[in-house]
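Note that the chains take the letters A, B, C and D in the order they are written out, and that residue 1 is the start of every chain.
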Amino acid sequence: MTIKAQELQVKTWLNTEKPLSLEQLKGKVIVVYAFQMLCPGCVEHTLPQAKKVHTTFSSNDITVIGLHTVFEHHEAMQEVSLRAFLHEYRITFPVGIDQPDETSPLPKTMTAYQMQGTPTLLLINHEGDLHAQYFGHTPDLQLGAEIAKLTLKRAEGSH
Amino acid sequence: MTIKAQELQVKTWLNTEKPLSLEQLKGKVIVVYAFQMLCPGCVEHTLPQAKKVHTTFSSNDITVIGLHTVFEHHEAMQEVSLRAFLHEYRITFPVGIDQPDETSPLPKTMTAYQMQGTPTLLLINHEGDLHAQYFGHTPDLQLGAEIAKLTLKRAEGSH
Amino acid sequence: MTIKAQELQVKTWLNTEKPLSLEQLKGKVIVVYAFQMLCPGCVEHTLPQAKKVHTTFSSNDITVIGLHTVFEHHEAMQEVSLRAFLHEYRITFPVGIDQPDETSPLPKTMTAYQMQGTPTLLLINHEGDLHAQYFGHTPDLQLGAEIAKLTLKRAEGSH
Amino acid sequence: MTIKAQELQVKTWLNTEKPLSLEQLKGKVIVVYAFQMLCPGCVEHTLPQAKKVHTTFSSNDITVIGLHTVFEHHEAMQEVSLRAFLHEYRITFPVGIDQPDETSPLPKTMTAYQMQGTPTLLLINHEGDLHAQYFGHTPDLQLGAEIAKLTLKRAEGSH
């Protein structure tokens, strides 16, 4: 019944010296925020939440990752624009650029997860299973509860 | 190291047919919001959060209680005003009026818990222990996480 | 076509040493905010706007007046409660308590102006005419424009 | 004492079929919002205000113009990105791209007006004079009042 979270397909990683992978992060709870820099809802609600998750929870327990899933206005949201965006909005957690797909306007990870748009939130447990996938905004109260449950199971699992 | 949560001392209960007690609620996680109806921070931030906690989490797991801890402007915040306030602000969870104390401006539960003012949040676990006490506003993300931890321990405890 | 603004019928004035009257304020633009202290919309939007109007415009040009028009929960919103409310919410402009009417739940000024509820805004020009009456929230941009027009006409009228 | 507003130096106009000029718009009040699409304050506060100004006041009286004054991250905010930004944020008033200057990181209109950064607001009266220039956010109440004064003077001037 548990579904293995598919590996992220990333063209370029920003805000990190080394590329990240779900495989390598196994053992931690992973919170992936799929967004577009020109998605108003992402800018107003989702990325501020991602920053709060990043500072509220211990980096020993969880990792916050941004995934730039450009599926429209491709020319408008190139890497150079994303870099300036991350700088101006003070986003310091790692952000991967979802691998473009020559055969589709949707990038590869977005297609693999059948995301319906942005923002999309992925919650991955410490064993690498996809615990939840939400399209649209998730309230802080609910998200805090879900992350806590996953970190508790992680703590139990490590005994 | 765990501290037993002291029983609430309540003069009158509103929004409930029967008086409540921590003793009788044992087995559930209890979230107590101490507030004053004329405290701007309570009205703007805390009570909206209390309503969200009330609707986000299952009533099988947790109980949300308001405690009207009047320590100033006593004549201004009598029961008749509180009743109208709860009606207008659509607060439907049980609210107890903290028992006035003839020897102090502070009501009795407020004194017993050494609360510094309003809002004050009490988190009580399913065994009746005081897990946390916070003065001022607690962010949703953090509160959601703490409540989830308490409900998970409750679920484990019931096995 | 211009309608003379009817005199306010006030039981008690707060935040002012002397009773006010439209007659005596003639020559200034008068902004009257009819509100109830237990009206959530008034507390969240209208009274903060009234405070901004009070500080943005010169008191040489305009006068901001609150009018406590209690038409429901009368026992809950007595003078003692209103006084504490004004203190806690730091409302420093003059507030009149609309004169209760033995024959109606609506107080007298509210009836005279046929107000539909709270908040209601009255804009009175320097000649004592009722320029506008709005039920519900008026956006800042629009209100700023209307007040400016009235103060300009006042400046012209005084030549 | 009045200062003639210098003509806008624009490379490309968006959201308009024909290029605009202050000269040609003379007779109307002109509100110019200088912004950058990756300036968080502009996105959160200024552009929403510009949209409200655009819909609140009559287009017979005033014209709202956006001016994209890119002075940093030039590669990140090219025309293709700006076009997508305007589309996603539903900005429908005319926007001019401030003419780049080979000798400076600041574009030409920005330099001519000695703007200190973004957002900057220019208020130009119906005679083409620069009435005010504000750096940072201007509250709605104040802006509404200033625009109303300029439109009233315009109405008088046309007699």
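One rule holds for everything that comes next: a contact is a pair of C-beta atoms (placed from the backbone, for glycine too) under 8 Å apart; a residue touches a chain by one contact, two chains touch by 3 or more.
Bear in mind the structure is a predicted one, so any value in this text is a computation, not a measurement.
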{"item": "Touching both chain C and chain D (chains)", "value": "none"}
{"item": "Centre-of-Cα separation between chain D and chain B, whole angstrom", "value": "51"}
{"item": "Chain centre separation (chain B, chain C; CA means) in Å", "value": "36"}
{"item": "In chain C, residues with contacts to at least two other chains", "value": "none"}
{"item": "Category of the chain touch graph - line, ring, star, complete, other", "value": "ring"}
{"item": "Chain A residues within the chain D interface of the complex", "value": "38-40, 43-44, 72-73, 75-77, 80-81, 83-85, 87-89"}
{"item": "Interfacial residue positions of chain C with respect to chain D in the complex", "value": "49, 52-53, 56-57, 139-149, 152"}
